[in-house]
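What follows is a set of structures for review.
Next come two complexes, and both contain chain A; in the first it sits with chain B, in the second with chain C.
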Partner chain A sequence: MASRKKVMLKVIILGDSGVGKTSLMNQYVNKKFSGSYKATIGADFLTKEVLVDDRLIWDTAGQERFQSLGVAFYRGADCCVLVYDVNNSKSFEALDSWRDEFLIQASPRDPESFPFVVIGNKIDMEESKRMISSKRAMTFCQSKGNIPYFETSAKEAVNVEQAFEVIARSALAQEEAEEYGGDYTDPINIHDTTERDGCAC
Partner chain B sequence: MESRDSNPSKTSSSDGDANARLTDDHGSSSKLPTRQSPDHNSSFESPPPLPPRPGTLSLLEDGGAAPGTPRLNASAAHPGLQSRATTAVSLAEISQSDKGKEALPVRSLPGTIRAKASLSHLATPRGGSDTGDSASVTSYAPYSESGDVENIFGSLASSELETGQESTGLMQFPEFQADDMQDDFESELEPVGEINEGGENEDLVLANWKAKRKHYIILSAAGKPIWTRHGDGGLISTYVGIIQTIISSYEESKDHLKGFTAGDTKFTVLAQGPLYLVAISRILESDTQLKLQLEALYMQILSTLTLPALTHLFSVRPSTDLKRPLQGSETLLSTLADSFTKGSPSTLLSALECLKIRKSHRQIINNTLLKTKVNKLLYGLVVAGGRLVSVVRPKKHSLHPGDLQLLFNMIFEAEAVKAGGGESWIPVCLPGFNSSGYLYMYQMEKNGSIKIIKEAIHKGRPSTTDIVPGSVLHHFVYKSRANVQFTMSSYEPEFSSIPRRRRLISTYNNLHASVHAKHTHVKVHHCITQSSSSFAWITPVFELYCVAGPHANRNALAQSASKIVQWVQKEEERLFIIGGAVF
Partner chain C sequence: MTSSNVQFTPPPSPPSPTASFFDVSDEEEDEYNTIAHAAAKKGVRLLFSKSKVYVHPTPSAKDNIPGFIALVQQKPLPSSQNATSSSANASKPDLSSYLLAWVPESALGDAYDTYVKVDLSEDDSPPRQKYLVPALPETTTFKDPIGLYSFAVPLSQIYSLLVRPPSLGWWFGSLVINSRAGDSFPALFFHDSECQSTILQKRKRTRETFDPFDEDGSVFWGGDEVLRWLRKYVDVQRSTVDKTVYLINPSQEDQLSFGKPQLAESTRSQSPPAPRKREPAPHDAGMDPFMKAIKETRWKVLEQLSKITTFTRRTANEIADNPSIPPQVRRLIKTPEIQTLQEEFDSARIYLARWAMSISEQSERERNQRIWTARDALEMENSSVGDFEILDSEMGNMSLQERRKTVTLKEWQGFFHPHTGRLQLTVDEVKERIFHGGLDPNDGVRKEAWLFLLEVYPWDSTNDDRQALMNSRRDEYIRLKGAWWERMVEGDSTPEQQEWWKEQRNRIEKDVHRTDRTIPLFAGEDIPHPDPDSPFADVGTNVHLEQMKDMLLTYNEYNPDLGYVQGMSDLLAPIYAVMQDDAVAFWAFVSFMSRMERNFLRDQSGMRSQLLTLDHLVQLMDPQLYLHLQSADSTNFFFFFRMLLVWYKREFEWVDILRLWETLWTDYLTSNFHLFIALAILEKHRDVIMDHLKQFDEVLKYINELSNTMDLVPILTRAESLFHRFGRQVEAIDKKNNFPAPQAQQRKPAQSQGPDPNDKGKSPERPSGSSTSVSTPNASSSSRPGQGGKSDTKIIAPELRDLFRKDVFWNENDQSANPGSNSGSGS
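Our next item is the complex of A and B:
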């Protein structure tokens, strides 16, 4: 379809509690950062209009260990963002199970090609606190089918735009892979009364 | 309309010549009539949409419905709203269903006196005295001053909301001042505006959005906004996310959320396969009424896409953004939604309205249609001013009111169709007929009996005082149950403004809901409020609803009502299409 109409994309942000999912989203959408921590209960929904081929992105974020949302939350996602804290190895090790959780719940048609993006957040902290090296993270991403990897700081707005741009592009690529089409033009036989025609006659 | 084997992308030029007689003529308001009588635009008010047809949705279940999609069973729950085949007439069928309930000899009302007696008797079904009034819905309104003095929405509120519920929110609305003509409802249909580049006006736009008293939102099960009457996807996506979460959390526990109430706001939910449809109303409509409206919107989507296409899109891609496939048909959804918001007797009664013309004139038009029909014709319709003039149909099919509603909406509301001039071929899916494919709608201007039609349109609907001189009645609607058609008096002058008309329809909504409530067998219902007294009379043959001023004498009301019934019966073959022309 050649139309330049905006498309809504559903992007889900997953990761351990406190890695900065909400902060990333807020930085991206509102260009704001708040130092105080407030656990997301359930989910947050934010929108941002981005010029990626004139399209609109819809971000869905949240999901700590509030496991109540389940399938509906994941269903119909266009892209999944996995976030960890580079200063917290546990949050990195959890990435794989977040990915599995997503694939099970969302059960995309083609799990191999479903677009993920990995983000290592909080690179603004001092180097001595860093637990996960870029190399280690990139090795993980490669092993999972070349997932794009970004290191960001939601606090200092480093790399956030760039990461989300790739997220949007991955989602759009997915969206465009299967344009709707098909032939729905079977003629209706109006003379066939045996057909279920919904008439009370 | 006609079935065709060709691809829908083909235009009419291919074999249109062979079928050019297929007539779906409409006295398009933008054309002939306005030219002739520019000062009579009022008689071309937006056509009442035809009613959705609850029963039809059952046939949609086997298509796209996810397991656990709520089954629609409106017909069972509300037998009164059951719509039947529109133009196939079978009196026997109808009276059978009500056999034994009512023996009022409607067809032979001998005269006013007798009618008056029977009506007054019926008007006080419980007490047989004046207590009948105080036992009406108004009596238990907690904020009622004197028990039987209430205003329209007040009485609605007391019956709609739980007894004793705080209704202060409702009391703030201007329609509580009975004579207020400048209601904020006037601006209900105006756009909320767009958020500008910098987003400075976001609060204002959102405030406009929140001020709307009626919202419709359609979203995918994945939570993507598909269509909303007010605002755009960006503005409402946060709310859509929340709505999706709420609905889904019920779906996951194998439960189905049908709706909920928050203060004076009613939320009604319809889950239809991959789509969630939500109506949010602060104009005091019942769950049933809102659900019918959502079903009609769903039908409109099917009419654009067909059920297999819709199912296919979401089975291939649950994240489908349906906005693109629906591109261009949003205005049809909006005009349909607005007709509900403004209030439509047609939707309320699940019946359609015909143009009043002489029987012989109608026969001429029928015969013209029949003479020129081609082999593959499915239906031929002549419609004018939002009213049906003539129908030709095959013996074995009759049109569903819901499908007609979609057609009417398209013919009279879609700018593209109106702008297209005389002729257009349009593929439409009539979900009530067959939800899986398109038929072709061909419409053209016809010049046969156009003069008669124009005159009838020009004349407009009669006022109550035209029919019953000196009547206390301000307005009435009469539904012929057998014909699934209704007739009504003119909205002028009493109900010409949108808020007034909305209030009138709300009164009818309330009456209708009262007499069709489960387990009620009310035959006559009389309701007095601060701004009006209203009256419903239900028999196996007809349903009559009428409205008079607040101080109207009950006997005068009943007398007028029976005279209206006599008039309708005298004019029956002019007011209604009895069967239509069959081939």
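Our next item is the complex of A and C:
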């Protein structure tokens, strides 16, 4: 599409089954939450049109069985969102492998600087159920190259908008970087600035 | 189609005080001449009206809104005080006082009767008696497509009308008002067969002239009347450039750019009610008039504009001022609506294309429905369209109509011997009935018949056999269920096993709680969750959800190599809902899974091989489309992944799924009929895909969004005819090649074995570029005989030969005898 005038940003959402990927996507795009989404199989997505760009958000199946689909689905992604459920430590522990999986499948030009965002979802559950502390999650994100981290509730629309704002900005920067080929703008800047916004929680 | 008169028509009430006010000729004409007055319950004069003119806000006929198109006069002309019948004498009528309006029936209230009266008044001119109706809000731009749709446009503000008479492809004639501000009002569809006045007018014409056509062969329809009204007040000129466009009081430059008007059509009045169009040529069939009009005029312009947008807005403005650009284009560019519109061009065109398609689908459906009722209807005689349709349908699906009667419980029971319960027909006969007719959704026949289709019961069994079989199956189910139950309680397994099992349980739990919860059976949350630690402990559960979990856990136990995989809950839910007995449903599910297992293998080999077969099928059946998909990097056919994985469960409504699955279970034509369903869906959308979708992402998004927009039965019909076409095609190629079939024919398809290097080299000529397909790096995919386009030595891929098989050959040595022996082999 040579004459595309709008920037189309492709954002992939990954994470274990049931952590709330579809809910996050729908909360962001449709401002709605439903307790009864169907399990995503294959890939699904929604687009959200925002003033300057068009965000294409891809929601993916959470079961590892469907990961081999990735190549086609992940290609051309501008940002990858890794989601876990703060009340489910397994889903947190899986983040690393989701990240690796993405990098292998999508094989972005510069894996080191490819923008990820981590979201810990379902903070609306009672505190006693919580398994992963903010501190632990942030430590993880720092160790992975300062990945911006957000804690959200898709159910109660907490922090979702903010998280996706950063996601979009990262994606936009990535898209521009891709356009200029190897001539990279330093994405670290974005991460630095967003870090503060992101970890208010 | 809503039988809207029931819904919206107020009862023929005795004239209420207000109604009588509107009905009587009014002496106080001077008081209704402004909108302000109208708000104060004064009326405007209704000159003409026509009933059953609909707005179709969505592609669904359910949403159609019936209403009236009307011409009203807001303010009396000084000269027409006395001479109400010949408005032509008003040499300079104040056009802003005449409004062309559309009002929904539901908004009319007491004025409804007045509208009907005016509609049915026989005169060619406005009725002598003055009928007053409540004023309509005057609108010059159309901004609110979600609102009531009602609008009233001053004639002075109308730039043109896009007029599409009914034609073969479209049952309803339509009319779109374009305002001088550059807006288009919603298309108005004339449901002539419901409109009393049009029916009467048609009859009258036939009586008088013995010919329902006018001199140039068009059929009289409601839109003709509207043009006739307008001609009394304004200069209506048909464009010679685009015959669907009628310009209203065109300026000099408009006349130039739209071509000289035809003949002396610029008459103002007194023209006999003869329609002036020769438009609906049969070759015009197929596209809805509104869409076509848009496609032909506005989009042509927008297409140009989209090129402009790569420049700066300043450049665009320069172009807008360029005198060599036709004036109507310049005007378009300048309106803010167009400017936003063209920014949305990319998404809009796809949306509109699909919308147009679903509309034409709907009209197809309506036409089909009508044929049967209309055959004996009188007005059919007046319509040439009807004749064509009957012909058409006789050749098309009429012979199928009989066969498409659903199989009832009574008919089903008649298949079996009354005493032994043995089948008295051939299996093929029964399958043919179910394949074409489906099973009655309400009388419980599915509960019986599905067990045969799923081969829980052998077709040649007797009542006693089945009884015995089911008893042992019940015992077996209880035993299997007990096994995992024990494990849960006692935990006597390795930590890894324990971990895996816990994980699977969580997964099942999560998925069951989000499977078909809109179906009443699964909707309730009336019992507390048995496990207080479950994430669903707060919301509760119901007995059927718990049964679902048990069955899936039992399957997980029964076939541990495969285990539970997402999507299985989708496959189980309809079976359980029909059986409503967990043991029976479990075994039916096990049978279903034995053919579906290939979809869930860890290495995805089963999915890949089906996608590959689909690839071959499209190459053979529609090489053009295939080349397009290739250019869009889409020949991996991943956009069919979900559909094939769970047999269209997410694409069709629940009731349709039951019908579709029993059709597929018959294996009547082929055990892979679901691939022909995919082909049918693809074919149906091929034009949109080829015209608008250029990238994998776009194709995927488009296909994904078809979910719950498709009609099942036409797709079934299409898929069947595609299968037969496929058969003929293969036969023709075989004949041409003069030898029966390639050696590879008998090769068993690679099952779950991953790469099959032996396959290489059987592809003498892949269409160039197909090697770019990354979809199939690992299955037996590299053999890709080039049916693509070349005419020399075509070879039918073995995968395609297999489509003639009716057995479930891909699981020959699978777990049905030996649970789990061959699954998950890729891991």
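Methods note: the second predicted complex is superposed on the first by the 156 of 201 C-alpha atoms of A that agree within 3 Å, B and C clash if a C-alpha of one lies under 4 Å from a C-alpha of the other, contacts with A are read in each partner's own complex, and residues count from 1 in each chain.
In the analysis below, a contact is a pair of C-beta atoms (placed from the backbone, for glycine too) under 8 Å apart; a residue touches a chain by one contact, two chains touch by 3 or more.
Quantities reported herein were computed from a predicted structural model and do not represent experimental measurements.
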Self-check item: First, second, both or neither for A:78, with chain B first and chain C second
Solution: first
Quiz item: Where does A:17 make contact in the superposed view: on chain B (first), on chain C (second), on both, or on neither?
Solution: second
Exercise. Report for A:35: first if it touches chain B alone, second if chain C alone, otherwise both or neither.
Key: second
Quiz item: Who does A:173 touch here: chain B (first), chain C (second), both, or neither?
Solution: neither
Practice problem: Considering only the touch criterion stated at the top, classify A:104 as touching first (chain B), second (chain C), both, or neither. | Solution: neither
Exercise. Share the list of chain A residues that count as touching for chain B in one structure and for chain C in the other.
Key: 1, 3, 5-6, 10, 42-43, 45, 47, 49, 56, 68-69, 71-73, 75-76
Self-check item: Touching residues (chain side chain A, partner chain B) in the complex
Solution: 1, 3, 5-10, 42-43, 45-47, 49, 56, 58, 60, 68-73, 75-78, 109, 175, 178, 180, 182, 184-190, 193, 195-201
Exercise. Within their complex, state which residues of chain B touch chain A.
Key: 2-5, 7-8, 55-56, 59, 84-85, 88, 220-225, 233-234, 237-238, 240-242, 244-245, 247-249, 251-252, 306, 308-309, 312-313, 316-321, 323-325, 327, 376, 378, 394-398, 400, 432-439
Practice problem: Would you tell me which residues of chain A are touching chain C in their complex? | Solution: 1, 3-6, 10, 17-18, 35-39, 41-45, 47, 49, 54, 56, 61-63, 65-66, 68-69, 71-73, 75-76, 87, 90
Self-check item: Partner chain A, residues of chain C touching it in the complex
Solution: 306-307, 309-310, 343, 346-347, 503, 506-507, 510-511, 513-515, 517-518, 535, 539, 565-567, 569-570, 600, 602-604, 636, 638, 641-642, 645-646, 650, 694-697, 700-701, 704, 774-775
